[in-house]
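The following block contains the structure, expressed as structure tokens.
As written, the chain order gives the labels A, B, C and D, with residue 1 at the start of each chain.
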């Protein structure tokens, strides 16, 4: 068996010398997961059961479903943009990076579930159900931010995986933003549980917007400014 | 933090110099979303509940579902061809373009929902439900045309994102076609609401056909003509 | 407007000169559709509702579902292999080819629906329902074969789209095989309707096997033979 | 017809000479299937039906669903990493390899079904149902390991398909690991059926972890060690 391992070791060196796009499959796989998650959200937009003539009323009645759909779509979209901005700077991937990435995808895949929880609670639950659903959404937000924290931390410690010219400092800064995400979703959950569900919902809607405007994707803005110069 | 931003800024310049296929991920992600949406439509083709011996009758009974499936399949297919024709002319993407693209995908993802609404209303609703469902379908058509309008407008203003040899004029012309789409779907919705549901359905079926035959993908036709010369 | 068209025409020439992988998006999109369809089939493998202690019995009871799953999985797999073998020989795609391809994908996407029909009829329907379901499956088989016929016919008439070294004869031969598929599925449907449902089911199971063994993918076999020489 | 075959044969030689990324479509297709399967798992995380005020209780009540989700997510993730590690070493694919790959995907696609079985049995079934569900999960584990065995065996016998520098020994070693997987899942099933369901569940949870830590993806670990030297 030891002999087998040795020969495997040799394989690696020879194969990897000829490979540059080591992240291609991780990216393709992640894009598919993001695409499926963002489309699964629409499955919650169910045609409401209603008596003949009652469709308009029951469509309007399920407004929380539409709001939850928009919020979660924005959230997944921001995560995809973040993911793109991150792997843009990664030259090759090792197993540790794959697992951190699978952690991010695991958490993203939970969003349709907690989104459905929130719209269900607002539609049919009582005040206690709403607090439970908002807290569950916040917990997934915390888990997702923590997964990004793990990914950024891993990259800041493995400069050999990064593109030439990318400094470790970049992912150290991202790490701070991810840690702030953990805190922000914890606060949103606490507000929802002890203070006010509507306030928490507004915070949960605004958080992706904030990350969308400030995240590593801000290169688009920077580039355009540069072009004007 | 300001120092961190500076170093990030430097990263960008160095990384982006070596990247050409900046749109590859946006394209892969969009293709996956289109593929999922076009396949989700088939989920509405449910096996009808029926007593033993009643399958044929209940299959024939749900003919509006088949018509809605074909219509929406055509609509998504035309959107995919449009998307392909558009990104064919885009050299690289910035955040603004990504958000416009996410807007298009957001609207496309709503099509299975309103398709289900229409077939449900025709099958089980009354005349009022049919008007509601046709109006909802038209609203999504308007939103989708508006998203294309946003995308084309953005591209006509950001020539630095386009392939060499693509004139801004091209996307200015597309912008007009998208604006006509907004108007056309508004008219279809108004006809469905105030005049006649069947007439509106025919218009909704014909609109994708019209766009399919005249859209930027007409290069196929042009090319073949050129080959014969 | 005519001026706009002219400038678009110029765009085309200049852009297309620099593009070779014109089929990349059609292939990526098709792969995603095939992957979704093949995975949607598994959604019919539902956990049966049963009283505590009755799971084994109800799992065994739904054996037609498993058979239908295997049959349709094979069918989709063979279609994917065909698709791969076909686009392997295509250099670039025009709009006509895209529509023929969308026709194939449209028909493939119907397979989970008719698969569910068949297993439902065998499980809960009477003899008449079974004939209806088998006929519906055969109709989709006919439509799918006809879509391939359309695609092969188109390619045999547009040699400018093919890879260098691919003769028009190849797609003329494939066209015959697709036409035979139309006939074979028509016969299977007729047998199911007028003669015997079990015999028709066996034919429907064997047809993909036959196509899998003889289709254009036979290059694998040929190549291995060549390697041994 | 013989003439047609001859000309096809010529096609092959000429086309294939110019193709290197023959596995690109198999990889893209497989990635999409893995992504869909891993996301379908989340569909089992259903919003529980509950009276107003009862959401928290019914969410906590369905803890087996969460455990089953995590277990199966890990299992699919490990399979994806294995798949990546395997095709990393494959230069081109023939039909035999495609069918072995389709066998792996077929088995992976069954995981959401047996995962749902297990969580259903733990939630609502009796002791007998639990034994049935665990056995069914183990059977899919056996089938999946056997599919990998088939794939590895095929690759160990077709060195002409491998990347330069990859020894046949590598896939012979992997073949042993796959065979051990068949045995391990058989034991887990037997333990679940005759000894203890909880013990079997723990084994089923640990098996993917074991394979994740020791599989061909261990190159990540090896590489990092090399980097430190």
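Heads up, the rule we're going with is that a contact is a pair of C-beta atoms (placed from the backbone, for glycine too) under 8 Å apart; a residue touches a chain by one contact, two chains touch by 3 or more.
Predicted model, so just to flag it, every value in this text is computed and none were measured.
Enquirer: Rounded to the nearest 5 degrees, how far is chain C rotated relative to chain D when their C-alpha atoms are superposed?
Expert: 90
Enquirer: Report the chain whose CA-based centre is farthest from the CA-based centre of chain B.
Expert: D
Enquirer: Would you kindly tell me how far, in whole Å, the mean C-alpha position of chain B lies from that of chain A?
Expert: A distance of 24 Å separates the two centres.
Enquirer: List the centre-to-centre spacing of chain A and chain C in whole Å, with centres computed as mean CA coordinates.
Expert: 35
Enquirer: Multi-chain contacts in chain B: which residues touch at least two other chains?
Expert: Correct list: 28, 32, 36.
Enquirer: Show me the residue ranges of chain A that touch chain B in the complex, using the header's touch definition.
Expert: Contacts found on chain A: 27-28, 31-32, 34-36, 38-39, 41-43, 45, 47, 50, 52-56, 59, 73, 77, 80-81, 84, 88-89, 163-167, 169-170, 172-173, 216-224, 227.
Enquirer: Considering the complex alone, what residue numbers of chain D touch chain C?
Expert: Checking each residue of chain D against chain C gives 1, 4-5, 7-12, 14-16, 18-19, 25, 28-29, 32-33, 36-37, 40, 94-99, 102, 105-106, 109-110, 112-113, 116-117, 120-121, 124-126, 128-129, 132-133, 136, 158, 160.
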